[in-house]
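Labels A, B, C and D are assigned to the chains in the order they are written; within every chain, residues are numbered from 1.
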Amino acid sequence: MSYCFDDLRKACREDWDAYVQHAFVRELAAGTLESEAFRHYLKQDYLFLIHFGRAYALATYKSRNITELRHSLEGLKTIIDVELGLHVDYCREWGISEEDLARLPEARATMAYTRYVLDTGNRGDLLDMHVALAPCLVGYGEISNWLNAQPFTVRGDANPYEKWLAMYESEAFQGAMRAEIAWLDERLASVTPERFAELTTIFRDATRLEIAFWQMGLDRSL
Amino acid sequence: MSYCFDDLRKACREDWDAYVQHAFVRELAAGTLESEAFRHYLKQDYLFLIHFGRAYALATYKSRNITELRHSLEGLKTIIDVELGLHVDYCREWGISEEDLARLPEARATMAYTRYVLDTGNRGDLLDMHVALAPCLVGYGEISNWLNAQPFTVRGDANPYEKWLAMYESEAFQGAMRAEIAWLDERLASVTPERFAELTTIFRDATRLEIAFWQMGLDRSL
Amino acid sequence: MSYCFDDLRKACREDWDAYVQHAFVRELAAGTLESEAFRHYLKQDYLFLIHFGRAYALATYKSRNITELRHSLEGLKTIIDVELGLHVDYCREWGISEEDLARLPEARATMAYTRYVLDTGNRGDLLDMHVALAPCLVGYGEISNWLNAQPFTVRGDANPYEKWLAMYESEAFQGAMRAEIAWLDERLASVTPERFAELTTIFRDATRLEIAFWQMGLDRSL
Amino acid sequence: MSYCFDDLRKACREDWDAYVQHAFVRELAAGTLESEAFRHYLKQDYLFLIHFGRAYALATYKSRNITELRHSLEGLKTIIDVELGLHVDYCREWGISEEDLARLPEARATMAYTRYVLDTGNRGDLLDMHVALAPCLVGYGEISNWLNAQPFTVRGDANPYEKWLAMYESEAFQGAMRAEIAWLDERLASVTPERFAELTTIFRDATRLEIAFWQMGLDRSL
């Protein structure tokens, strides 16, 4: 038996759908999400990105050879040198200054998912950590595609969240998603059923923590 | 300026009180807590203990000398060889079998606090990790003392949670709490104001995650 | 193709033999080893044991479930609560006091092997670390058996190192060796050829670092 | 009492001088070093750089805030995106191809220093790791300055190692050295005597492992 990423998704179908089709992204796609909920999400996503960078730094440390090291370092640079800057710019458009970002309290949902990923990486190997990151890396791309197929989705100037929707359907992001799935497929092909069961638990827990991250946005909770 | 543990508590007074005086422990002390809420808490506390053991194992790994190593190992043995067994026995009294415990899904609040502690330990040094653990190690003892001073607290056979209340007022637990405070006081005495600010953030975040752990019990949430 | 521990040994035959049949252990078995060389080795072995304990603590932290955790903790307790005490006693018989042990400089060969094991554990998973520890855990038992089959080996009161020889042929140690081989065999059975190649590099490097540890004894080098 | 980097150097004067004035660099500066010894050193320095990159990745993971994270990431990028490429080019000039580099066995002296640094970083905090790296980061600059003041040093086309000598006296490297000393001075200013003693042991051990790295070059040992 040979596994692939889609098997993880199937094994956690209910949680995965609850994540991909969460009210937060539905409302965002419909343009009806309250702007304060979106602002709350944007702020916490800034903190999320920093820990996401730490996760790629950990992956870089854990590399077994220079090829693996360069691969993780590319991800790390994209997050810190590119995405974080874009995120700060985007936050500014929503009235959130860099000083605001520097003083944020960290929401419990942010701590939960990010520290889960980091401990999973320290406890296990690179595959464990990538599986923990997959709901983020793969999920956002899939969410974008799912939303674009829904009748309630409003695109263009009529939707204040158009820019967010455009970002995750971009070829840059969709290509990164496909590359991540390919990376996972290659490694999952040779795992034992016992190992697949471990990875399924990680994937399910990470997906549940992503659901809580959307909910944190909706509830504006810390 | 020389710091001590009490300065951490004072710096986070509002969160600390919200934790120590949480509805979950008030209802528990009054004997009015719903038994299903208590069972939910007991189950998650089993998973919590395992990660708590992992935290002491990490501290043992991080030891700088044999004295530090033995100190952390004693804590690790107490958790895994003593407390975990007592907890399993106590769960059985509440109708939760060892098979139930082995199959539990992990609540997000459990993941949040435990992984926060573990990442804090990996990121920083032993003092960082002990400060992250203090709301648990010191807090339970203080909660016990606070509850015993409240008029609503019911002790003895009239309270189904008597055994829980008795455990944390026991000399064994109260002595462990005092030893932990002494350990922290000794190290906090020489930290800089900048370092104290870092530790205050850790202490506050950990306290907030403990509040969420009580709330998880009340809400029976996963 | 299914792998087992013996495949690691075969893949590194030359280094393995250089380790198992090193001049240090030959001279020790013949009773001709200079006592100062043995004392030097005994002192460094004390420091080695402490880091060996740290490695088992790291394994305990990295455990994926309570069964794995208890298994690593048993190893950790054996090292710190039993072996370290026996080692201190044995050092005393050779005129090395506990104060001497507390003040030792650490030899480069000790740092090399111990830190290699610890980084291997942090970088990879439990199997990586066990493979890095195998030259120690399995090797000493095999050395004992090999020495007992050599004509130059002198047993009994005529050999000042009789006690050392007796320790590693004891059923306690030989049983631990067999248990470790069984643990490795179980996990190696399902690794891919690519993974086996990674593990072979670790096993070879660790064996080479053990050779240097014997040589450090002979040379009394720091 | 307030400490600075120079106090570490003074506390380990004998080892520090044995490192800075090692026969390997004396012969290199005089142009009399055997080219095979230099080639052996160059090859191992390639492996060293990769683990050096892993150390900066670990520092990036351990960062407490975005400022610390960016600082470590800049170091990581310099090592992997700049220095490693220059090193590969320089190796090619000495007849060592990239395929040769990819197949190298790792010398014990390389494993010893690099894994010591990495474990020191995992065990302690960023200051511990920077102190372990200081013999490399600061030492090479100091070696360059010391060699330039010696009568036996030959500069220009008459010395086959001119390019190596030029690299470490360059303003780029000397500026990095001064920045590292400033970073250390800032943090050492507020440590306790007990903490300074711990850091002194790390600095001495790391210096001793650097001495062994030069010796490995001279001896062409694995």
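We take it that a residue touches a chain if its C-beta (ideal position, glycine included) is under 8 Å from a C-beta of that chain, and two chains touch if they have at least 3 such contacts.
Which chain is which protein? Per UniProt: A, B, C, D = Aminopyrimidine aminohydrolase.
Predicted model, so just to flag it, every value in this text is computed and none were measured.
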Tell me the rotation angle, 0 to 180 degrees, that brings the C-alpha atoms of subunit B onto subunit D, to the nearest 5. 180
Comparing B-C against A-B, which pair counts more contacting C-beta pairs? B-C
So, comparing C-alpha centroids, which chain is the farthest one from subunit C? A
Separation of subunit B from subunit D, taking each centre as the mean of its C-alpha atoms, in whole Å: 43
Per the C-alpha centroid definition, the whole-Å distance linking subunit B and subunit C comes out as 38
In whole angstrom, how far does the Cα centroid of subunit A sit from the Cα centroid of subunit B? 30
At least two partner chains per residue is the criterion; list those residues in subunit A. 61, 63, 118, 122
Think of each chain as a node with edges to the chains it touches; is that a line, ring, star, complete or other? complete
Where on subunit D is subunit B touching in the complex? 61-64, 122-125, 190, 192, 198
Name, in rising order, each residue of subunit D that touches subunit C in their complex. 106, 108-109, 111-112, 114-116, 118-119, 122, 205, 208-209, 212, 222
Which subunit B residues qualify as touching subunit C in the complex? 50, 53-55, 57-58, 60-61, 63, 66, 69-70, 72-73, 76-77, 80-81, 84, 102, 118
